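Structures for review follow.
Both complexes below contain chain A, partnered by chain B and then by chain C.
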Partner chain A sequence: MRGGAFLLAANAVAALAAMASEPPAARYPSPIELVISPDGSRLYALCEGTDEVVTYDLGSGRILHRTPVGRVPKSLALSPDAKHLYVANSWSDTISDLDTSSLQVVRTLPAGFEPNAAISDREGRFLFVANRLSNDVSVVDLASGLESKRLLAGRGAAYLTLSPDGSRIYCTHIYPNIAKFRATPESEITVIDAARQVVAERYRLHNAAGVFHVAVSADGRLGMAAQMRPKNLVPLAHVEHGWVIGNSISLFGEDVGEVVQISIDELDRYYTPPFAIAMARDKSVAYVSTTGSDSVTVIDIGRLLALIRTLSPAERRALANDLSASANYVVARVPVGHGPKGLTLSPDGKRLYVANRTGDTISVIDTAARRVVSDLSLGGPATLTPERRGERLFFNAGFAFHGHFGCANCHIEATFDGLSWDLEPDGFGKDYVDNRLLEDVADTAPFKWNGANPNLETECGPRTEKFFYRSESYDGWQLNDLVSFIKSIPLRPNRYRNGELTPAQERGKVIFERTRRKNGTPIPAKNQCAVCHSGPHYTNQQLADVGTGKPTDRSPLIDTPQLTNVVLTGPYLHDGSARSLEEIWTVFNPQDTHGVTNDLQKDELNDLIEYLKTL
Partner chain B sequence: MISRCLGLVVLCRLVSGAAPIPVPYIYTEAPRYDSRASLHGGERFPAGAALEIVSNGRKRVLAPGFAASADAAVSFDGTSVLFSGKRKPADSWQIWEIPLSGGGPRRVTSFAEDAVTPFYLPGERIAYARRTPQGFQIETALPDGGAPLRLTYAPGDHILCDVLRDGRVLFEAPHPDAQSSTRDLFTVYTDGSGVETHRCDHGRDRSRGRELSSGDIIFQTGSHLARFTSARATQVELAATAGEFAGPTAEISPEEWLVSYRSNAAASFGLYRWRPGQGLPETVLAIKGTNILQPVLVRPHTVPKRHPSGLGDRQGANLLCLNSYVSRSQTIPAGSVAAVRVSALNASGVSVVLGQAPVERDGSFYVQVPSETPIRFELLDAIGKSIASEKGWFWARRGEQRVCVGCHAGPEHTPENRAPEVLLRTQEPVKMALPVHNGKQGKK
Partner chain C sequence: MRTILTLLLVLAPAAAATGGRPDMPTYRWENFTTENGLPDNHVFNVAVDGKRVWAATENGLGLYENGKWKVYRPEDGLTHRAVLYVAPDKRTGDVWIATMGGLSRFSAGRFDTYTQLTSGLANDVVYGVAVQGDDVWVATAAGGSRLNTRTGQWSLFNERNTPMYEIWTYAVNATPSKVYYAVWGGGVLEYDVKTERWKDYNDPDGETEMVLYKDQGLIHEITTSVSYMEKEKILWVATYFGASRYDGRNWKNFLEKDSGLPSNFLNQVKGVDGNHAWFSTDKGLAYYDGENWAVYRPALDTHKPEMLVRDAAGNVTRVETATAPAHHYVLGVDFDGDDIWVATAKGLSHGIRMK
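The block that comes next holds the complex of A and B.
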């Protein structure tokens, strides 16, 4: 007995000692982008999970160095002379300038809010940075290291590419531009004159939302942008026949004339969402990573262009809605690792490298055989936590009918999509719902705009299976993992809250917390901003009728949304009818039922917005 | 003479030079076989049939004591078999289940009418086709009893072909055009919702569809085999081979199938292994005067996905058409459609008009129709003249809500992302019901 007690005590001490010395939880590398050196000897892998650039020697397949960069880096690009590697650190709002000889960061450059990509002009004089939260492109003088200019891009400015002649920079954006309520989503490719540093053109991408990488052929005649085409205006009554999202490529350039959108889906199988594009130098094929489908789609460009040349303008417009079209130009689907994101081709075109973000590997594809011949490991933790398993599920599209879509198609990169949807169970044309940000949702039950789901398990389990996926989906273990991941999604840094509030933010705070109108009369408690939008997440987690219901809503009672990072998540209100925070009050609050705002002047509303930005 | 009377026998040179089939397999022996029986309500095996199982080169009758047995379907774990059988020639066909590890067959259905072509479904249910006055209709049921759930509601024989791995039931039924003498392949969810033709390139007779591991569906068309692929909206022909095939087929490997085949119309169907596109089939088993049909491999296979029924608790079914001008079968002049007329088959099988609903400028309309009832649409111009009409009947389940791109748009046609005008005008469908006569609604 005594011996047993001693053993237990010893075990307890050992366990405590182990806990005391336990290192912080290991992070998963999560490779998201790849770049290869011009001589093909080095591969640079950007790991957004471990905030580092991992440099491989491709001759030996070994890791040469791990270079720490800023927080949550999103993309990287080589300078024209390949002596510098520019890394966009999305949470640090900086660009790391990495010397490719020493593999050290030699300086940090400025950027806007949440830089997502950076690319140098051909002369190496200026760096163009796509800023995802400020929706613009910074122009940074590489000599002085200072930002010299901002150019307005699309909402959620995301990815950049330089035309081969260096004259144009093409910029995509991941959220559709804010538009009229229930209008077809519109996106653009912002075309920047690199020499004059002005926006030269905006290519309209009709009904595109979620536009990711853009690539241009070596001859400069063909551009390709990976995108989704949502069907959010049509009742989501079923999934078959491409009813939810079209996975698509926008083509532009002299080869096609006007922008042509094509489908990469099939009738019974979907390849989603298309993320990165790599084109062979001879323009024979293009490779498209499809993150949720764990595959790379291979497009025969010659066959594609031949098809397009035979089509009338009307037929070209119909191409993106034709699930049988891809049979004419898709020549292979190559299975790769989990969550493929960035791609890069070797200079000789014989190898394609694929960053498997949630698999922590790099697939190496033999482009002639069109199959994976080896994998490079990023050396992440050997075991998967529930959160990591849930992350894989979140980004995987294999659970929806025919693999049509996954959580991340609408919650793009675990955020939102800027769209309102007509979901089916309530009837057609009723209860349009705006898609909500997933960050900071863990303690904000109930869920759904009508508060019908008491917890995330219900929201992500039976409801998702029955009304979204329309197919058997997560088992109990998987659902627990998925919910664990969603609860762990970190809240991105607030760019507007830097210590003390500014005078405008202070004035806005006073308005937010006021209990009396400007004329001194009391504001009923239920009509005070800080009552319903209270607590750590700025929600009292109650339903309320604030007069924003529409005739198409079955009930005027709306779940009080959390306000954390609310400035990012337009459009607003439960149905996405308010295009801006200001419209919530100036258009949709005529009777002061959603807070008292009609006694406020324009500048006071501006102050209120300034305060809301800090939440 | 059918070999079932032999019980367990050793196969003597059934395979001449061919590599052995790597797993046990079951097939149906029948002296006579009418492959077009479902088109005229006839008997597929007018002289009886018997299931045989071959394992390690030895064959035996799968279920002794039956006057007829056919339609073997192996359970997902490979341990038991559902089949259609009748103990005596005068009996009706019923569904039976037999364990492969030994033991006698267990009767699953006890209907007065025939029940044939059983399949296992995920979630412990089974599906089969049951004869009704309107022809064979597909039902699902628990194998241990309970009320069956009917999946099909149109006239004609609906015969199961397979349960697809996406959870839908693949079946053959008469071509929607009542004037046609052909069959086509359709799919329906396991709650009876979402019925549609698998592809819309109608015209040729298609039957005996079976899903391959690739997801392609291989089927019999005329005397040869063809396939539907995920990528194409039209059928893909297989390399022409002299002779005749009789589906369904069994997949030995992605490159090689087990097929029923005969070199000429005068011969009986034998069992052959075939590499599509690589010459003639290779004999596995051929018995003069006996047809060898319906090969099935005995091995575990993927459990299809369960369909989570989303049927709402409401009367009738809501049907929304986004744009009735979209049609692959005919050009409908822009602006010509003013209304849609909805007809239904009443309990007597008579076509009755349920009513009309306005069609918006963008071609959209929204109606509520009786559920579990054959219905069809007819587009009308401003003075009520018919512009286009559906040839066949379809149905929707109670509480179902369906949207179609257009009238016969084709499954490859995804919807244009545009709010239909009818929903901008109203969120309430035009409600239609079967006429009531003598206090009784003319509903089935």
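The block that comes next holds the complex of A and C.
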């Protein structure tokens, strides 16, 4: 009772403090990750919307300081001595080194393309940085501040955790590794030998995609990674049977031996997508935030391990698709705020803090009672704009049948998922479609690969309701909000365009814009790159038959896609059949129907691709 | 570093005579074939990577570790079964694999593939590969390729942007300052990392197999291997018609008739330093210490193990030994401290240094 009273008081103080210490004007803080100091006195909240670290004094509940960091920070981690906080600035391609005494950034460290997470080794000598767009892990010498090497990670390298003994670093990735067309998605946990700074192992996560946080128990014997299991190879016609996306945890380590994937869904309710994981120090329970379900799932680890020990290897492999299994080990679903992302436990394990990204609050959960006892506010605009309301809808899974999934399940963090889907109930194997990036789509109508939807309202409204959610979908106001948000999704910086074009990019630009073949004969307008891919978004917004249609397509006419940041979004073509930009022309353009490329030397094709990367 | 230093110390002062015969290194040879786990007996090359040994064979990639062989083939993700060269990246622990069907990157059990269709690689016939920091240099049947692993950018080098009149690049050797290509039929191509400029070295008497101008240039245009010793700025070159050593000013060529080379037909040269090198020939493995030569092989006639030692004066001594490399047709070597690993046409050999 006393604790509760204190929290209420603290909450009131926090609210006042928040009012006195507002974030940058008109921006929503969007807290995405949390870290607590080892003594439990401070909570650090990373706000990707306002590019800052907000430091709370948990004793008083007051905000101590707001520390500006780089653009769109994605995660933060304390150094072993807790004197430094490392913040991965995903759009700045840097790491902010924040002194926890002064709460100031004392230096900026290098990283690869779009750093998503950074973690120090146990000695505090090297920093490991997961780079989401360069698909690797940077090793940065903290003494010199220089990057020494890159290690190959999975596609969309995302989150890191250090084993308790300091020997291993585990890295996840949010996009499945590029594979053969229509193959089952494959992901991995990249296991790095921290001392040798090499990749020691890769744990295969079969049929997994969208792998987010990874955590390891204090005894080092159990690892857990939050992930989705997309069922993209069958028509999206069985929402009611769970045949769209499974929400699961991959278990690894001595406690389980081979990787075991478990479902956290129920027969008639889904908890999606699992994002962050925190394990109690005594390994009694694990907490999993599920962003689209506005809740935290509580797993009884003892019951879970007991169940697994009773299962044969074949039964263990089936566990991920068994929607009844979670009844054995999921012991609570704790409702929290909007869009829960990162979470952290207090050192004594009595409080769980959850960052509600689209709610701009932090839920404080009493872990014994398993309920929210207070909220900490991050401040931000008092009113919600249509875009912000739409963002909440985008990340919410409540509209689909049984809360199965939302926009952000496939458009992960408003991007894409790297998968080819069989979306509509038009029969098996008809009209496979590659998932497209949502950035920069506002002025690129029509929508859908066959151009059937004249505007985003149609794309996101009736279509979603009929083909995806299979339940009553957004009302008119909500649809307007959702579309407003989608149109507002900013375009991330292009990493391949640094001022002047390089000589290779310049040569590629000439090829892109050419009107004649190398032998001097004219190229018909409809077959010139720069005609169809014209305008500010590199699309003329017309349908075209470029010869890439397959027998599985009902029509060879394809919507001309925009090319902005095209380098990020493989696989390519409307059905995702081209694994790389090269294959668009080396494999799928034998008759020069998708631009004229067969008179090009290989190095000229490489130049064209170098230019495309800059768009 | 310690291993390299040890090797240099052991190999350097080899001139001391033993009964008038130079004191050349001797080895006990252990041979591997398919009978004890090697993927195939046709071993195109070998790479020593700490405690791992990689065998590039005609039918798969072999990894020798902890006394056992593990075999990788296309069903495991390798791009092609015929593996021609292997280049470990000491920094990352990854291994780059040149095959007859593209380039593979092996990283902790995962293969990533690069072919002329899926990537910017010039050609799928990949003879050689070398790692230089974040850059991977590739020798293909259609010129050189370079992949920047940070940006994914491919750069191709051929007759259009280098002095490469023949594009059949057969081997590549990359160091921090220089990159050398052995161009089969086109001599040697040098890339200066600092200036980003190319320079070619050719046989002054052209493509003829006659040696009109010995020591006035590269011994022959049909080059098969290059090995640059950055510290001493010495380039070793192997050709099908002899070997060459270049110090940046002067060439010195080695032929069977006037050196300890057992044959002019060389598949590979690998320098230890500016004065010591190993030569892989069709008639045995040769070692040169700057003055004297030693050849290790099964005798060409009796097939009994033998070692030939040639002193600086040209005196040749045949030394009977208990063991020899698996075959006299040698395709490549690599070092592991005092030990040497040898790829031959009929197996892989591990030379354990005796003295």
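As a convention for this text, the second predicted complex is superposed on the first by the 588 of 615 C-alpha atoms of A that agree within 3 Å, B and C clash if a C-alpha of one lies under 4 Å from a C-alpha of the other, contacts with A are read in each partner's own complex, and residues count from 1 in each chain.
As a working rule, contacts are C-beta pairs under 8 Å (C-beta built on N, C-alpha and C of every residue); 3 or more make two chains touch, one makes a residue touch a chain.
Note that this is a predicted model, so its numbers are computed, not measured.
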Assess the superposed three-chain arrangement around chain A: do chain B and chain C clash, or do they fit?
fit
Now for A:73: first (chain B), second (chain C), both, or neither, which partner does it touch?
neither
Across chain A, the partner (chain B or chain C) reaching more residues is B
Looking at the overlay, what does A:274 touch: chain B (first), chain C (second), both, or neither?
neither
Given the touch rule stated above, what does A:182 touch, chain B (first), chain C (second), both, or neither?
first
Touch check for A:327: first (chain B), second (chain C), both, or neither?
first
Which superposed partner A:359 touches (first chain B, second chain C, both, neither):
neither
With the two structures laid over each other on chain A, which partner does A:586 touch: chain B (first), chain C (second), both, or neither?
second
CA minimum distance (chain B, chain C), superposed complexes, angstrom
20
Show which residues of chain C lie in contact with chain A when the two form their complex.
91-94, 105, 107-110, 112, 116-120, 122-123, 134, 142, 149-151, 153-156, 158, 160-161
Help me check something: in the complex, which residues belonging to chain A touch chain B?
182, 184-185, 207, 229-235, 237-238, 240-243, 246, 263, 266-269, 321-327, 330, 401-402, 422, 424-425, 427-430, 462, 465-467, 469-473, 552
For the complex, which residues does chain A have touching chain C?
112, 134, 136, 148-152, 177, 188, 190-191, 196, 198-202, 496, 504, 579-580, 582-583, 586-587, 601-603, 605-606, 609-610
Residue ranges of chain B in contact with chain A within the complex
122, 166-167, 194, 199, 215, 229-234, 305-310, 312, 318, 320, 322, 366, 401-403, 405, 411-420, 423-424, 426-427, 429
